[in-house]
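Next up, some structures in structure tokens.
You will see two complexes here that share chain A, one where it goes with chain B and one where it goes with chain C.
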Partner chain A sequence: MTTSAPEPATSRLKISEDNKPIVMSAGFIVVILAVGTMYTLYTQGTATLLSPEYLLQQLQVGAFLGIVAAGMMLVILLGHIDLSIPWTIAAGAMMATTVGGPMAIPVGLGVGLLVGLVNGLGVAYLRIPSMIFTLGVNAVMRGLMVAHTGGFAPQTAATDLMQYLAVGKILGIPVALLVWAVVSMGVMLLLQRTAVGKSIYAIGNKEAAAYLAGVPTKWVIVSAFCLCGMLAGLSGTLLAGYSTKAYQGMGDAYLLPAIAAVVIGGTHILGGRGRYLGTLIGVILIVLLNSVLSIMQMPESGRQIIYGTVIIVMLLVYGRGRKVTS
Partner chain B sequence: MSAPPKDPAQAHVQLTGVTKRYGGVTALDNVDFSCELGSVHAVLGENGAGKSTLIKIMSGVVQPDEGEIRLDGRLASFSHPAAANAQGIVCIFQELSLLPDLSVADNISISDPPRRFGLIDAKAQRRRAEELLARIGCEDLNPMSRVRDLPLSRRQMVEIAKALAKNPNVLILDEATSALTAADVDTVFEILRRLRDDGISILTISHRMHEIEAIADKCSVFRNGKHIETFQQGARSEGEIVQMMIGREITAHFPPKPPPPDSAEPMLELKKYSWEDRLKSIDLTVGAGEIVGLGGLDGQGQKELLLGLFGVLKGTSGQVIVQGNEVDINSPQDAKKAGVDLALIPEDRKTEGLMLPMSIADNLTIASLKRLSRGIFVDADAMTAAIEDGIQRMQIKVGSSADAVSTLSGGNQQKVVIAKWLMTEPKIVLLNDPTRGIDVGTKQEIYRLLRSLAETGASIVYYSTDYEELIGCCDRVAVMYDGEIVRELQGDEINERNIIASALKMDEAAQ
Partner chain C sequence: MNDLRVRLSQNAALLTAIVVFILFYVFYNMNHPRGFSVAVLIQNSNEVFTLAMVAMAQTVPVLMGGLDLSVGAIMTLVNTIASHLLNGSPMQIAFGMVVSLAAGAACGFVNGCIVVYGRIQPIIATLATGAIFLGLALFLRPSPGGNVDDDLSWAATNDLYEIAATYGFAQNGEAGWFQPISWIPVPLLLLVLVAVLVWLPFARSVTGRTVYAVGSGEGAAYMSGLSIDRAKIAAFTLGGFFAGIGGLYLTLQTSSGNADIPQAGAYTLNSIAAVVIGGTSLLGGVGTAIGSIFGALILRTISFNFRIFEIDPLMQPLFEGTVLLAAVSLGAFRVLRVKNTLELFR
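Right after this comes the complex of A and B.
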């Protein structure tokens, strides 16, 4: 599985604990592409999967998930989780299309930010476990959106800018991919080069120690949830642009894949450890896996089983080598 | 190994040559000890003397490395507490072990509830609770009330009833009276006497001398893991007991103390500093360049005092004056702000001091991130320089600063914690038992460091459970008892006799 290791950053001979999942996921991506290509060569006689068009298209689709996963990673690194993602995406999209005009995108982001702020305050100050609190917020957002739209798909359409960001191309490169790249750069800088980023890792490892070191733990937790919400709002806005309008349940398909991408990429589900590069690769893995399975005309049931099994198996494999630190 | 009990017929529990080591620390060293049925036996000793380990071995919480335990002359071994319970040895530990949200009856029968058809028989359980409570004179206690709603002293009674439910021959009390008021203590003692007359062997650890006088038939003194002497209560004076507890062993060397300054300007002043019932109106002044030790037995409020100062405890009252200004410290963030400049070396480096899986570099810089940032980004050069400086200054033995801090030895880990705080350039350093579980070499480096920090004008508040350290390091020692400073020792007054005497609140013996 780990035949190739396209991950050179700290390429010592021995792969460090943090990089192992990244190398393995990258290897698995190669396996997916190889198996898919063999299939297409056999059935159609072409290697469609290796064409730049196909890959760019996958990355474009992956951008929506990638942006969500970037935010989710911040929260998971803290040792928390954000289950309000589905309806934060939908709310961002719906409010953006409702407002329309030049304010559409800022409103979409703002709605996400607001949801994130509520999540953050609840988790950091009220000390409610994030799993419960964000689940509750998700239900509330769903209720608010149903009330807002009357239960029907909103009639409003995405603005031109939203559509451009989602499906437009610059020099053949999808704009959505560029947006994802910008978000990724930002998150990477945040995690590696800022006090907030370092504090996120510290809190995820040992909140008490971080607190006693004078890290403004509450503020950091609130910030991370805000960013996560805002990125979900951004993703929702782009998704609305992609399908030209917002609709009920449009975010439902993103929660589990986002968590899976983060965790497959090697971020510890209990926080404190993980590299952003891993999350990127995790997103690509999930998108390709989905796509190849559908190309192979795997029925939906089979796809779900394989998809779930892959996640579980990869996590089992990671868990094995990991020292248990109590 | 070969010391036979004076009267083998009477010795119910007999320990011979028992040794227990934790890592490099010998907690119990070849101890012979026995206790008889129908008597109250008090175990005395200062912190770390081995009393708790003794109890833990007798009650099956830990296993001895060497030596044997005999019960009524038969060889016994307790692999876990339930095994000891089955043999009639029951321990009431220092921390209350009741589940606050269950009823009194539930708690009393928690380990072995009466059953019917495989389900818990609530009626039988209630009857059993009523009987046991009646036995200790608490008939008025409703077995169905929730433990959470009971005052502390009543909970202690429930704890005793719970222990009696296991039909003990040996009842061990680890500071079981420390949470009780004088009136409650009398009640407990009355019960204990009655149990003794029923033929139960009672083993008690207490730091209150007058309580020991009131209840004990026999006393045993422990020191540094060794059993020093066992004598009939009253056979020794308090002064002799203190002498036995002290011993004479110098194991560490301390840097020389400077002569006391004529008038150091106060760096930190506390006035009527209080928190809940753990800190009671504390007045303390620490001058610039001064090392002030906090003495006393474990758990007399020293830790709370340090945590409170550092902004961790909510609801402290009184005045805190730092560098001449009254300050309000509500969080560690406040504590390390410019103008306050506090640092706290916490008690447990593994959970409070370090993020163990993270790198040495990350751990060193976590308290100084703001200082090391330019704009929103961390200044990589400044960071590297600071990390190198910290490693140099504390002479931390590291392979690479990118290694996880968990790969370091205990002493080096503690150095990382200290270096982390030195990086913030603190003016007042609070230390919460910083040398616990680290090697002698590192300890001495820490002593020297503290002295050199003091010489540069920093103030140091130093809590240690090791009296030798307080004596060797501190310019002044404030001894705490039950949330109060009972005595401040200065200069030549700082000796083990005075510290122990004040810690036990028996000033007369020290005179």
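Right after this comes the complex of A and C.
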């Protein structure tokens, strides 16, 4: 946790332990952009990557991942993980399109909230490791959605409002990006300015200590999982708006990148440490890396290898743990 | 005082898994339209073997207090390697098998080195290496296919009689002494061999005990002078080796290689479920790979039962998911026994 005490002027140039991942990832984003631009300059003679339209378009696509990662970060800060993300996204999208009308978006969010509530209750009250409990919930959600849709892409379409939120623009800025910004502001305020946020860090550091200090640990865990589920539901709703309908497995591509974005951004996978700004940068890094690789027409095999190597190299630079000696 | 009672209570989770499996499997055979037959046993053991291997692969890092999210990826990578190598002369095939298994172990070794020397958390390190292994698998097999020796593929997925008949020993499987064992399915025999010849010696070795010790308390293990680094690398390497056996068998079973990313993910997730159902604690230090074999058997037997009861296929994923969630929720009984709330926070 950072303290609000004013830092002495001499430490300005020093990068604190918490900020190191953020600075390094930001630097790596510049490297990605530079390499990509050199490639396009060489092959097409244009600097497509640096045009504001292109960057805004990439950020619009990144918004879906960014919203999921924001929720995932809350759970990872607790020292838990949410593996039910894929089918929470799909369930949010499918139920939103099924209900339709003005209730579509509240239903999408509500489904996510409900899944998060179940996750939270299982983890906080039944004390089942989140890794395995959310995995089970994911399987149940998949079962429910297969039973609901018959295993096919549902015929129902996204409402106009969902489509507007996903692809619409205000003054040239994609609305999805604005939604992501609002979510980001909310999460940042939650983590830095509220008791719940501080409790999340405390539980991630040492749950027993937080409990003894009077933190309502169960309640905080349940709310963090609820928020994570709700944000996944929101992302699913937007994603359905983006592709005008929901489909099977639409959330599968978001679980691992969300975890990777949070971890690359400097959040400790065992909880207790990490800043939201890092997660934001981590998402942008992954989105830009993906887009540069697709500009280079990298085959899927190469993408996977580069993707894995980047995570390892970034963590080798700043994510090394301490040797346990006592 | 009562040694037997202590031993029973220490292995309660494993015994529960065995009993549950026997109940499920007897139930399945009693309701099978044609009753119990060797043909059904062979088919069942074929379907179980790969998952059982991947579950064993997952157990070793879990015992150490880690988690390996790359077991499915290693299985897939070995599958694609083997689909290129398992043909030609017997020597070439033997070479191909050795290379495949070595590749699996090498993947695990890389995981171990990154965890030990890079000091990155196992879950996130294997998430990354899993992506790399899948990338390599896609590179080796951009589209499904392969050329696998038919005889070997046939012999490895049937009973012992077919091995003898294919390779012409024990008078082509007709010898009198061979009859009592000729019905045994090859995958079942392999499963027992791997458990007895690889897992049990490892679990009883100093390195194996160190893996358990690290899972129970890494600091205490370090202070006791155990070589933690070696145990960690060994745990991941053995995990990779088991996953490699699974991948090799998958190749023989399907006669092809396929860099199927969703399948790799499904195997990884099922392996975690099998480990937990088999009585191994995700916190480390408690459990055994034998339990994970039974965990895998239970998971697969549940699907077998769906098949004969003609449950609406659309409802199957829901049933499977509910059973999985219920099985892992059994661990919640611990909460009821706890007298001091602080004991919960481990």
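Observations
The working rule: the second predicted complex is superposed on the first by the 308 of 326 C-alpha atoms of A that agree within 3 Å, B and C clash if a C-alpha of one lies under 4 Å from a C-alpha of the other, contacts with A are read in each partner's own complex, and residues count from 1 in each chain.
Note that a contact is a pair of C-beta atoms (placed from the backbone, for glycine too) under 8 Å apart; a residue touches a chain by one contact, two chains touch by 3 or more.
Source: prediction; values computed, not measured.
Placing chain B and chain C on a common chain A by superposition gives a clash between them. Within the superposed three-chain model, A:Y39 lies out of touch with both chain B and chain C [touch as defined at top]. Looking at the superposition, the partner that touches the larger set of chain A residues, chain B or chain C, turns out to be C.
In the superposed model, A:I269 lies in contact with chain C only, and not with chain B. Of the two partner chains placed by the overlay, only chain C lies in contact with A:G308; chain B stays clear of it. Once chain A of one complex is fitted onto chain A of the other, the partner contacts of A:A195 are limited to chain B, with no touch recorded for chain C. By the touch criterion defined above, A:M141 reaches chain C but does not reach chain B.
By the touch criterion defined above, A:Y211 lies against chain B and chain C together after alignment on the C-alpha atoms of chain A. In the superposed model, A:Y247 lies in contact with neither chain B nor chain C.
By the touch criterion stated above, A:F133 is placed in contact with chain C alone, chain B being left untouched. For the superposition on chain A, the stretches of chain B under consideration are 1-9, 145-153, 343-351 or 379-387; the one running into chain C is 145-153.
On chain A, the surface patch touched by chain B in one complex and by chain C in the other comprises residues 208, 211-212, 325.
Partner chain B is touched in their complex by these residues of chain A: 189, 193-195, 198-199, 201-202, 205-206, 208-216, 272-273, 325. On the side of chain B, the complex with chain A involves touching residues 310, 312, 331-333, 335-336, 344, 346, 351-358, 362, 365-367, 369-370, 372-373, 376-378, 380, 406, 420, 424. Residues of chain C touching chain A in their complex: 67, 114, 118-121, 123-125, 127-132, 134-139, 142, 218-219, 222-223, 228, 259, 262, 265, 269, 272-273, 276, 282-283, 313-322, 324-325, 327-329, 331-332, 334-335, 341-342, 344-345. Those residues of chain A whose C-beta lies close enough to touch chain C in the complex are 81, 83, 122, 125-129, 131-133, 135-144, 146-147, 150-151, 207-208, 211-212, 249, 252, 256, 259-260, 263, 269-270, 299-309, 311-312, 315-316, 319-326.
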